[in-house]
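Each of the next two complexes has chain A plus one more chain, namely chain B in the first and chain C in the second.
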Partner chain A sequence: MGALNGLFGYAFLVPLLMVASFAIVGLAGGRLKRLEWGGWVAVAFSGAAMVVGVLISVGEMLSPSSYTNVQYTWLHLPPAPGTFPNGFELVVGTLVDPISALLLLVVTVVGFLVMLYSIGYMHHDRGLPRYYAELSLFLAAMTGLVLANNLLEFFVFWELVGVCSYFLIGFYYEKPSAASAAKEAFLVTRVGDVMFLLGIFLYFSTYAQAGPAGGWAANGFVFVHGAQPFVPVGTGNGTTLTIAGILILGGAAGKSAQFPLHVWLPDAMEGPTTVSALIHAATMVAAGVYLLAVTSLFLGFTATDSLVIVAIGGFTAFFAATMAVVHPDIKRVIAYSTISQLGYMVLAIGAGFAMVGLYHLFTHAFFKALLFLAAGSVIHAVGTQNLFQMGGLKKRMRLTAAAFAIGGLALAGIPPFAGFWSKDDILAAVFSQLGSHPAYWPFFLLAFAGVFLTAYYIFRAWFLAFSGPTTRDPTLPEAHEGPWVMQVPLVVLSGFAVVAGLFVFLPGFPGLLLNGAGVAGIPPHYGTTELLLSGASVGLAAAGIGLAWFLWGNGRVFVLPESSPAQPVCRLLLARYHFKEAYDWVGLRAVYTVARAADFVDQYVIDGTVHGFERAFAAISDRLRRIQSGIVSDYAAYVVAGLLLVFVLLLLVAPWIVARLGGS
Partner chain B sequence: MLPILSLVLVTLLVGTVATFLAGARARWVALGVSAVFLAEVGTLFAQYPGWPGYVNGVPGFADGQSVPWIHLGWLQVNYTVGVDGISLIFILLTAILQVATVVYSWGEERRPAAYFGLVLLTCLGCFGVFVALDILLFFLFWEAVLVPMFFLIGYWGGPRRRYAALKFFVYTHVASIVMLVGLLALAFYSGAASFDFSAVYAAAPTLSPVVQAFLFLSLFFGFGVKFPIVPFHTWLPDAHVEAPTGGSVLLAGLLLKLGGYGLIRWAVEVLPEGLAHVRPILFFVAFLSIGWGSVVSLAQRDLKRMVAFSSINHMGIVLLAIALGSSLGLLAAVLLMFAHGIVSGLLFMTAGSVHHTFGSRDIPAIGGITPTTPALSTMIMVGSLASLGLPALIGFPAEFTALLATWNGLGYWVMIPLGILVVTASFYLWMMQRMLFGPARGVPAEAHDVPWYEGAGMGLLVALTVLFGVLPGLLVNVIVSSPIKGFPGT
Partner chain C sequence: MTSLPIVGFVALSAGLLAIGLFGVLTRRNLILILISVEIAMNAAILNFVYFAGFLGGAPALRGQSIAVVLVGFAATEVAVGLAIVLALHRVRGTINVAETSELRE
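Our next item is the complex of A and B:
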């Protein structure tokens, strides 16, 4: 059974291929006669990686199983009293199971398409070998993360995708804003990473002794497979586990840009649009969601954790959508949308439906990458990201306009496009849990309201960019479609954005989402209530699109009157609720002021004391110098005094000290 | 069987003398000596699979050799050397940094014979400290290190070199005296049969806990100033800023490690009960150093000074790991020191190259150097990322182990070093943002990328940073499976 399952042992080839691509392009790319050739090398390698990735995921669909391979003792740690009485080995290896196959499919397919698209999109740029090398390294780290078989290995690759993201956000490093955004992204996610690491320690020390079948005790952080997590979602107790779950959520919030660590993602749009599509929409930012899913499947969250996760996810879904409503920058609108959609996924996992969250992760990866690449196509053509300068582009860019529209419909949740199925499942899933805790209600309602905003903001962007007679800024260049390398990914991703939601009806695919457990849960049980809910959400989405058309359609530009009571709200949204200012104030002003003060103390108080001793010794030695008077009777007096002192020390003080100390 | 440790000492001694006399060819002689040194260390590692079989002469140590030296009644001083897994790692570090420093300093024009001779002499002293198993021999090498470093700073250093050299010498010398008194008191009070480590180790448990605690504190002060611990650290930034690049590399890479090694070997292993009594003091000092080093780094304008303060932060984590008193903590401390030796060596080299290339190390005054000096810029990135603990680089396995050991030993106190990791990341990233990225600023028109020898010296360290970051087991297995005295249960 499962002719393709033999491949599972070779899953390590995927990251290895991309490491090879990184090495070749990085070392030799600059010496090639034409710099694009390095790009074609990367395309070839990511194509090969995609073939392996797709075959593995098909294999998992045909016969779900979990397969661990390539065990290598990365660190052999000695015993420590207390938690780790026997010492332990940290083993690295690859784990192929249904959910990692799902992610592998997403990462390799989108990765390949983005590589291909880059050939056209990036051809003007200097530093091409650096670009393709870093993107290859990113894909290596991301596939490594997906295939990690234990939390520590997961963390290692988690950090590596983070640093690749850092370099790619700062790809145009001559621009101060890009360099600053890269730093911001690294530091904000670092806050989450620190929490994640502590969470790992907590889980590890909890399970090191209590794990099933000695799996944890012997192998440290290995994900042990079983039908049930150690603590089934929402049922566990224990303060340590609750704290551990919250810390893991902190890590996920950093990576997936959830409130309050969301600030970096919009600024990360300083990177090339291809990078935004791959890293900041489809894959890396979804790693946080994947982490939550993996944790809920293998480790389990307590009831308190679930509530906090629902709160963060539900609030972020709405909160980020509000900022997308007013933004003039096409990429940032999509970036806020990404934060919001990740919030939906987090919400689903918090409600106990990891499979639904992963389902949305899957569909979202395709339609969001599509939206970014379509936006990239527009930016490539007109050279601006400001929606208010664009307009009327659908005449000259039919393919791009259609692709963006398909992506928009999928995002808005209009049937039968991909987003409808998964977003609807999330709402139904959370709805089904409303009875478990009354506190779920507000977050469900926020998520529901977010549906309207989502449809509105994405079609506002579409109408602003594509509808109307002509561009609002006449100085923009004549728009044109990109070369075929850019068009092919748009077409392929459009196809996915239409059909990806229907994948659940394929036999075997739900198994990927459910990690092989044969539970009938996808789509959740549909009764009359769920159908009504579904109808309501589609109605809301349609209303959002309608409002967008009313305000922005046919080249209209809606201007909020100065006297409108909504003006302060609008300004607050444009200012992104002042989060960035607040963080800058803490990071740049407060911490830096403390650092300056500490530096002052270091130089003038601590080192000043040292100088004080220096001067004191100089003064004392100057006095002592005068004792050497050259008069013999003086010296004789010193000798007698010295002898007396020695006698006192030896006869009285020393025995007393020895007696007190009890020494021999 | 060859007494290989003594052979190394002879090699380095003869090599140093030869280098001093070699005149213009000194760099070649120094390189040759370094190559022989590296080969000898390689031989040591090659014996490693048969580890227990090589324990001879000195119990618990490999390649041991003990020869009577000064025997006057109760004064029993021996020439005793030997290695265990811990000292082996430090010996490897010494050999690596010696080669890297010699290669990096290839272009030294001012009295090269004296310069390379002093570099070799410093490494000789450090090697001696790492293998000496007799109090007097240990102290001899310990003090021998100060002299060449004093001259390296005082002659080849920056504008305030005299002040810095004197401060370095007096400050650490005072600490050495305290340490010597502590060691001698330890030997005499415990009634050890000789000054040998094994004799002192065997006799120390007879001391009362209070005496052990006081002795431990005096040793801690002596070794701690070398770490350096806050508030006895102010000699370090001055010495680093004024030292020539090679001097800085050895200072940060090896001299700071003497403190850590000494504390493990002569205090923690010999006086575990003393440690148990004063542990809270060590924890307090460690947390203070971790926080202080990192926060003050953030305020620095001089690249070298920033790296110097980051050393205080990293050595604070080392102290924390040592103070935990678990074998996991000891492993972490040794790994951290090795990692810090490689990475801070690399960072000080980059700081030196920045100074040569741009005529300044002032971070706000230089900007956007990446297009001009891509290789140097890459080295700075690797060094910074390794220092802030990025996985796949050498700092991560060490820091991870240290934090895990801290969590195991101290529970939620681990949040202090964990939280400081964010500050550490921020000062490195901010430096990179200002110096490497953005529009070019303060870049002379004639500036070009680093010369080959500087690139080779840094490249060696970069390669090792990646190698040991990906495969930390290469080091850990050596440490863990050797007969280490301090490791409970082994």
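Our next item is the complex of A and C:
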């Protein structure tokens, strides 16, 4: 038993610290004499959160299987015969187990470094208290999501990180493109969120009574890591479970920007680069992968689900990489790369290796945050994101150039950098399944081809930005390194990008990944097949880097000839396969038509009925109003008329009715 | 008296009532309207007197006494009515009911 396990019960401190930071900076940040002080408050709080997070992770490494719950029942339904014979309760609590500790480590460390980096990067921006408050709220929600101990609590934090992402993408809300990118991100992920919620309902209806102690529902949907999944991975095949699994995949695809819900992530680059590094590279987009991993370990996917997940992951890994190949914007190249890498993780989870996917999530978070922060350093220095205006920056920004190169090598999968170990592990894991699941072949090959593209596009970006004799656009300002607050995170993350992949060989660390039954592939096993596979993928990566150097190295700019047959392909890639146009078209044609029909019904049928009654009564009362002449003789006449009517009724109508009824 | 036909008396009072109603509905002069009301009221008093005589006995006394009371009522009514007419004339300078339509408001 580790001495740090007593800390597990205090895991709730991590989100709480960030909520405090959010409240302090959000409420008082604007009144400070210097707005950067609010940033330092956020840095201090996220530093404290990081200390707690790291201590918890170390505690998990020392004694991996233990976990602690702090539970509060906020909804309790008494037993109802028929539906819930055992009652039903919803709890709020924290779950500290190896997986959540792994994620907690990533989120708090990257969160702290990004917060520190922001002090320098956001120095010139307006709205600083808002920025730090929103970033703090995001970290609170993200750590809450990681520590959530049941699916509904998970969903609440899932929505919270989504709304924080919306705020931060639209941080420069005066810019129309930023405002519309924020809306797009929110709406596209919302499609996934609705599917996720429906998936929860389906699992709920299936498993409400299943499992220990009166069923999953009676226990508040609490995650039970380490136990056997409800559906043994890859075996069950109930239609309901398959649909539920697909719905969960939809939610994960929305959050993790997997095909076909990938369109929002490149546009999310409208936000500050620090936000891209933290939310759209290291943490929030990984939440979808985390969800898939947790679901596969806890609930399990059916065989059909697994194939769909493999297909989506493998296809996205290749598909997103192709778009990164031609893009001129440094941030968007990295964004496509993020989508592609998330695809690798999804591929691994679909093939039944959830832990291998999480291993890649862990290494990817560090080197991708590093790439974004290095890109941010460049953007901070030269004020443009266009790769074709940069060039020759390595002379003036040695640290940034080195950091970007390390991140690029890690991403490309060159040993011994972090990405090599985890990406290779994914390929080896999927390869091991090809014998029993021949349907995985095309997606394995797509992912394998993605390795070449990955190496090519990231080094194309490096050569365009840093190599060559001089800057291409002479109007750009003189490049310079950022202040120390920007350099320290680059150095620390570079360190992680070099060694994070090797963590898995440390004693203790694999404990974070060795959780649950049926976990294979951690730590990577290197037999003859795996070594051949690694050799092939490293060769592909090296070829990609070589091609990038040949076309773009030393200040060369490769221009595709107009007559080249590849020209239409290039245009298609630059147009992002027209996905955005297609969605806009669907939005305008289909949704707008439905909206117009609904508007017609609303205006003419519903409002028409209401207004019709209104007009009828107005007309009748207008007529009736005229008998109120105010002249007494008229009133006397009405009295006489009424009297006559009474006589007529009494003397003529009443006897006639009595006669007709034959009354006595 | 008993030899007189019932139809004639009822017709007489119906005629008086019709004349009174006609006056109330058509006249615009408030005094003429008051007079018409009196005429219509006389139709009712005449009915009491006639049916009292027609029935005879104890009911006859009752009917005749009511007729006497009604005559008193008519007198007070005229007094109040004329007072209103005077007051109206003082305030508005006219007793034409067509020109006083404040009730409409």
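Keep this in mind: the second predicted complex is superposed on the first by the 574 of 664 C-alpha atoms of A that agree within 3 Å, B and C clash if a C-alpha of one lies under 4 Å from a C-alpha of the other, contacts with A are read in each partner's own complex, and residues count from 1 in each chain.
The working rule: a residue touches a chain if its C-beta (ideal position, glycine included) is under 8 Å from a C-beta of that chain, and two chains touch if they have at least 3 such contacts.
What you are looking at is a predicted structure, and each value in this text was computed from that prediction instead of being measured.
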Should A:Ile606 be classified as contacting the first partner (chain B), the second (chain C), both, or neither? first
Most chain A residues touched (candidates chain B, chain C): B
Quick check for you: in the superposed arrangement, does A:Val640 touch first (chain B), second (chain C), both or neither? second
Touch test for A:Ser180: chain B only (first), chain C only (second), both, or neither? first
Please work out whether A:Ser629 is in contact with chain B alone, chain C alone, both, or neither, and reply first, second, both or neither. second
Going by the contact rule set out at the top, does A:Leu160 touch chain B (first), chain C (second), both, or neither? first
Determine, under the contact definition given at the top, whether A:Ala566 touches first (chain B), second (chain C), both, or neither. neither
Given the complex, residues on chain A that touch chain B span 73-84, 87, 152, 155-157, 159-160, 163, 170, 173-176, 178-180, 182-183, 186-187, 190-191, 194, 197-198, 201, 204-205, 587, 591-592, 594-596, 598-599, 602, 606-607, 609-610, 661-664
In the complex with chain C, residue positions of chain A that touch it: 628-633, 635-637, 640
Hey, which residues of chain B end up touching chain A in the complex? 167, 171, 189, 191, 206-208, 210-211, 214, 230-231, 233-234, 292, 295-300, 326-329, 331, 368, 370-371, 385, 390-392, 396-397, 400-401, 403-405, 407-409, 414-415, 418-419, 421-423, 425-426, 429-430, 432-433, 436-439, 471-473, 476-477, 480, 487-490
Taking the touch rule as given, give the residues of chain C at its contact with chain A in the complex, in rising order. 21, 24-28, 33, 97-98, 100-105
